[in-house]
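What follows is a pair of complexes built around subunit A, which joins subunit B in one and subunit C in the other.
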Partner chain A sequence: MEFRAYIIRRLLLLIPVLFGVTLFIFGITMFFSPGQRATLYVSSPQQMRDLPGIIEQYGLDRPFFVQYATWIGQVFRGNLGWSTVVSMPVAKAILHYLPATLELALVATPLIILIGIFFGTKAAAQKDKPVDHATRVMAILGWSLPTFWLGLLLMMVFYGYFRGFLPPGRLSVQMEVVVNSVDFIRYTRINTLDAILNLNGPVLLDALRHLILPVITISTVNVAFIMRLMRSSMLESLGKGYILTARAKGLDERIVVNKHARRNALIPVITVSGYLFAALAGGAVITETIFSFKGMGWWASQSALRLDIPSVLGFALFMAVLFVLVNLVVDILYTRVDPRVRLGGGVQ
Partner chain B sequence: MSDWKFMARQLVKNPLSLAGLVIIAIFIIIAIFAPLIAPTPEGHRSPYMIPRDGYSATPQPPSEEHIFGTTQGQYDIFYGVIWGTRSAFRVALVVMSITVLIGIVLGSLAGYFGGVIDEVIMRVTDIFLAFPALILAMAIVSAIGPSLKSVMIALTVVWWPSYARLIRGDILQVREEDYVEAARGLGASSARVIVRHVLPNAIYPSLIMASLDIGAVVLSAAALSFLGLGAPEGYCDWGQMTEFARNWMVGPPGDPFKYWYAVITPGVFILFFVLGWNLLGDAFRDIFDPRLARR
Partner chain C sequence: MSKRLSKMGWIVIIALLTLALVAFPACTQQGEEEEEEEEISIPLKNPGDFVQQSIGDIDSFDPAWGYDNASGEQVDYIYETLVKYNKESTTEFVYVLATEEQIVSTTQIKFKIRTGVKFQNGNDLTPSDVEYSFERAMIQDRGGGPAWMFNVPLLGYSRTRSAGAVRPGIFDKIKNAVEVDGDWVVFNFAIEYPMLQWKQILTQSWASILDKEWCVANGEWDGTADLGTGNATAWTKYNNPTKQTTFLYDKANGTGPWKLDAWEHGEYVRLVKSDNYWGTPVFFNKVIYQIVDEWTSRKLALLNGDADFVYVPRLYIDELAGITDLNAIKDLPELSNDCLFFNLSIDPTSDLIGSGELDGKGIPVDFFTDVDVRKGFCYAFDYDVYLEDVMKGEGTMLGSPIVSPLAGYDPNGKKYTLDLAKAEEHLKAAWGGQVWEKGFTFTMVYNSGNIPRKTACEILAENLFGINEKFLVSILPMQWPTILDSIFYVGATDEVKGPLPLFQIGWIADYPDADNFVTPFMHSYGDFSYYQAYGNAELDAKIETARYMNASPARDAAYKELADIYYNDAPGIMLVQPLGRRFFTKYIKGFYFNPTIPGQPGPLDVMSKSES
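What follows is the complex of A and B.
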């Protein structure tokens, strides 16, 4: 029962946060004139030509809270305004660019977590040995690398030096044609997945070729982070009494490290998955921009550059809602893994 | 006092933190002596605007006149990276000091008084922490108009909630201490108790976190500049200089690394600046985390 109460409490807490988030986003729009704000309510090219009419219709010269109520009503109806950069409604643009970003995240996340856990465990098990020092240096270096610069260097080598080996974009022109043909069914718009579902080898290979560099770029920083976290968590766990017991029983050191210590050390790694989401979302903006990997991040940075406000704010709102939900799920999972959290009342 | 000596000894003893100290020291020297290392040409409008030598789009390789070469648009790379050090320090110091200040004020209010004040301040931090940091910063910058000042404002808005929370947590611990009770018992005002007794004992973790965060602040600022949301064109800014290299990362056939100097140099400066702070921060964490130090 306690568990249900906890979940209900957390869901109730969502309301003020989401209210605050929307209020804040809407507050940002107040930096603009009614004419510019009008694009927030536009949902078709025809309306774009009649901005004064929109100002009239949505009362954009009325008090803040009246306008907020009108706006939030539109948001609930799925109208986030008009994205001038890509000439479509913002809500549609989000759906249009989501699969690419999802593809990047779906490949990068397991990679980041597995590599991070692997090296973090190794470093802790061999504390102060060469492996530990090497991972430490790698982690600090990775953590200090400007993502955008790493992307440029990778392109310089794998696109420039190895002529066109790993090109930017999501697909090459020929494959683009294949993907857009009638025979190729776009189930998910995630290219690699669609290629597998259509049993199309060349498209799969081509999509993977375009994925490699963005995935490396976005993973480097975050692997460093997980690695360090795993190391310190492992060190703590290795110092516990039950490890001493296990060793005293004469258990193989590998089993002690990989089973007894690591399982418990994994808990903090779960807690940061929420953080990882934020890092990937931010990283995706830069990575997608460098590699012209046309996902939400690319779209958002193009919009920000051209001051396409409805797009930027729609993107920020979407990301914030997603981030809040991810954190909620992580917290709930966490109570399953570690019941102490629930009993303690949990929330900060 | 012996705490500081202990800390200093620990920092110098560890080769990694020593390297961090040396890197930061070098950057401080570069920043202070920038006018001597890269003198501003006579009659140039502002020392923070990179002097340009013509308007040709193609970057020029290192020469006697431009020892690190020039970017697209003929901005001198050497001048840019040297004076860019000052910009990096300025962004880091301005953002960090305002962030810590806001954190101290709001965190103390929330932690010391608790109740409704606490609830309100914490719910506000919830709202800000609901956004992925870089995305919130991007939205703010594009709303108030791209400039270096906007970048600093945006980063402050993004960063202060973590500090308010951290300081609140530390204050919650300290305010239960006997000496705080004693000060209150002697009739000291709330303001006096906070400023004289609570804060000095609660503030260290956040000051250390601030030094840890400087690298991250500079990295985020550079990322925003790289996206074209930062300093005006031609400003001494490492992120923007990296952006200038974007069209030139691939040379002509047969000479793929032709423009390496334009790509490598500004990035190396960002990397080392951030690396220096992170090396220091890593050592700080080890020194101040007694759970790990014992082992």
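What follows is the complex of A and C.
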């Protein structure tokens, strides 16, 4: 009951947060001319012909708050404007490109977190030993490798040197035809998930082959970060009095490290992991471009390059909502991981 | 101390090991590539399909709209025309949807329409479909589109609009221009027009034949003026529409060998073999066009056999040298050119002109009306570097739009060369000295992934900055359809053009005649010049006079005069007439080259793919 109340309270808190975010995003549009802002209200190509009519209809020369109310009304109706980059409504573009990015994020995020936590824990437990040094070097390398360089290198090796072993794109030509056939139902447009739901092994294998290199590329940098964060957090935990007590009680060192120290050390990692997932779900521009894995990052970058205002604002709004929701999930996870975080009033 | 050294030692050893692990495969590959370059074995993949990877998305599948390579290529695979070129020839034709022709007079030609042909939806081809296709193209006549080639001979005007309004009586002229006469379709010209040129126009994608019944059923123009409303001007809603409002923008139904199966914007187009195709069966089951901006991906796809043909920027052609499993076709004599165009009347709402004032933070909308600005820019471009480094020496720099070997082309004609002193002299004189004193800022764009065009922008921007540090030009990549939308701006009027201050685009011959290079670049209603606000009545008269002259020294002289005018007016920075290249895997057979279609991988209807 207490937990449900907490969720409801947090959801209610989202309203003022989203109000502030949308106010800010809409405020940015005021820097553009009424004609450019009119494109925010366009939902079909036909309407592009009558921008003056839209300016009049939506009162784009009226006071800011009146315009804001009109715009937010449109947003609630799902009309985020027209994306000239991909010739479709922005809301549809988000739904179109999100699955590719989500697929990348859903595979990469757990990988990043698990590897980061595992090696971060090992490094802290064996501080100044070879494992610690090795993870430190791995972290430095991972952190310092430019994504575009690593992506191209991986592609040259695993697609070039190993002759097409791990290709770019999302699916091969043959499998693209299969997933677009009437026999294959695209429940989510996440290829791996759809392949499982359709019990289609070849599509699943093909989708996984195409996923591996982009996942490795975006994971390399982020694993390094999580690893270092986990290590320092673990070292702090291992220095606490209750760890000394646990050891003094003669507990097995593995239990001390994995149960007592690691659980407390996870809090900052959970925080960062939440934002990491949100950031990845917003698209990895360079990775998506190099591997022709066209998702949110590719769409957003193309929109920015083309000064496609409705798309850029739609993307910004999507990211804002995503971050707010992820923040909520992270806060809920805190209550599960750290008993000191009370549902009513934070840390007591 | 020894413990510290031990730590450092570990770090160094692990670092070296990790680096070696990362670097080894790359080094191995590099080394082996150099040694075994010619031994790369490309596997045969997707044996029944043709896979192409390139950089630009399709602009539209509407034959009356598409006027760019990428669109025209796809339209050609789906639709058919009355006649087409006989292989490499540009003067001999073979019949496709026509079976016979009769030149009735200097102003009338008629074609007998083939029977037994079905559209991809199963409808039969009729002469009415042919009449409708041409009339619809003229009714649509979108700004910057190909309909002018029909308009000029059939209506006597370049455009159906004048001074921002539809010309009075133009609907009746359109209806009378193409008529059905039994099994024949008659073209009635408004002027005497060279029949060879007309047939050359009929070979290309804009002359594709549509299924009238299907078009009308899906909301396209119904063939009447009033559209059943009683209002005689109701048809004008189909004139100069926005791109996506035409039903045929992303739908297709032709008589050609392949039909449209899927178009994922920015990702790929997939065509599949049509069961209703009447002609000689084609080899490829699927024709796939994938948009891959990254060169390394395209290159590896070609070398792995995942693509049969890729767009290769000239800068990277050396990377494919000596690979025996590739079929590299070189030195193809393209009838095309590339140019940087000055916009003399920029849209005031443009985001690319900074403050919109001559205050050092922008440029005014009429910045390029001053010929000294234009000439200053022309002299600031390094043509030699462009030709040698960007084009790898494969082409000829031009002084005017006219390319070799057409009338008026003179290899020794006037051309701009890099001359920074002259550039400075002109830029100091421009706008009464204000340009030099205050400087300027604006943005140039190029189509994303097109390295030569990006480099051309960089060459110009750097040289201008070198002349005066107040001359700031930034460079912005855009997707191909956006560039086209911005050049051929739907909101353009006779007075105000699109938002791009300076744009770069190439021109490929619609038909192999000097007129096809002069009209688009210099006529008031030219495809480019209209969107530059360049041209005047006197110049139009000279162009039209030269157009209708018979091949003769006088015609050659007339075009040479026009080339000189272009040089003196400098409405653009003329770049190069390139020599073409194609890179296929060795499995692709049957390619031949026709210079009027240089951007396409080739005649896929007669090409095949096999080990042998």
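The rule is simple: the second predicted complex is superposed on the first by the 310 of 348 C-alpha atoms of A that agree within 3 Å, B and C clash if a C-alpha of one lies under 4 Å from a C-alpha of the other, contacts with A are read in each partner's own complex, and residues count from 1 in each chain.
In the analysis below, contacts are C-beta pairs under 8 Å (C-beta built on N, C-alpha and C of every residue); 3 or more make two chains touch, one makes a residue touch a chain.
Quick caveat, the model's predicted, so the values are computed rather than measured.
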Will subunit C clash with subunit B on subunit A after the two structures are superposed, or do they fit? clash
Once the shared chain is lined up, is A:Ala281 touching subunit B (first), subunit C (second), both, or neither of them? first
State whether A:Pro168 touches subunit B only (first), subunit C only (second), both chains, or neither. second
Is A:Val177 touching the first partner subunit B, the second partner subunit C, both, or neither of them? second
On the A-aligned overlay, A:Gly160 touches which partner chain: subunit B = first, subunit C = second, or both, or neither? both
In the superposed arrangement, which partner chain does A:Trp143 touch: subunit B (first), subunit C (second), both, or neither? first
Should A:Thr289 be classified as contacting the first partner (subunit B), the second (subunit C), both, or neither? both
A:Val324 contacts which: subunit B (first), subunit C (second), both, neither? first
In the superposed arrangement, which partner chain does A:Ser87 touch: subunit B (first), subunit C (second), both, or neither? second
After superposition on chain A, the stretch of subunit C among 313-321, 367-375 or 565-573 that runs into subunit B is 313-321
Subunit A positions touched by subunit B in one structure and by subunit C in the second: 136-137, 140-141, 152-153, 155-156, 159-161, 163, 289-290, 305, 307
Which stretch or stretches of subunit B touch subunit A in the complex? 16, 122-124, 126-128, 130-136, 138-144, 165, 215, 219, 222-223, 226-229, 239, 242-243, 245-246, 249-251, 253, 256-257, 260, 263-264, 266-267, 270-271, 274-275, 278-279, 282, 291-292, 295
Show me the residue ranges of subunit A that touch subunit B in the complex, using the header's touch definition. 16-18, 20-21, 24-25, 28-29, 31-32, 127, 136-137, 140-141, 143-149, 152-153, 155-156, 159-161, 163, 232, 235-236, 239, 277-279, 281-283, 285-286, 289-290, 300-301, 303-305, 307, 309, 312-313, 315-316, 319-320, 323-324, 348
Show me the residue ranges of subunit C that touch subunit A in the complex, using the header's touch definition. 7, 10-11, 14-15, 18-19, 22, 25-26, 28-29, 43, 45-46, 49, 51, 241-245, 250, 261-262, 265-268, 270, 286, 288, 290, 292-294, 296-297, 300-301, 303-306, 349, 351, 448, 476-479, 481-482, 485, 490
Enumerate the contact residues on subunit A facing subunit C in the complex. 33, 35-36, 45-46, 48-49, 84-88, 128, 130, 133-134, 136-138, 140-141, 152-153, 155-157, 159-161, 163-164, 167-169, 172-174, 176-177, 180, 289-292, 294, 298-299, 302, 305-307
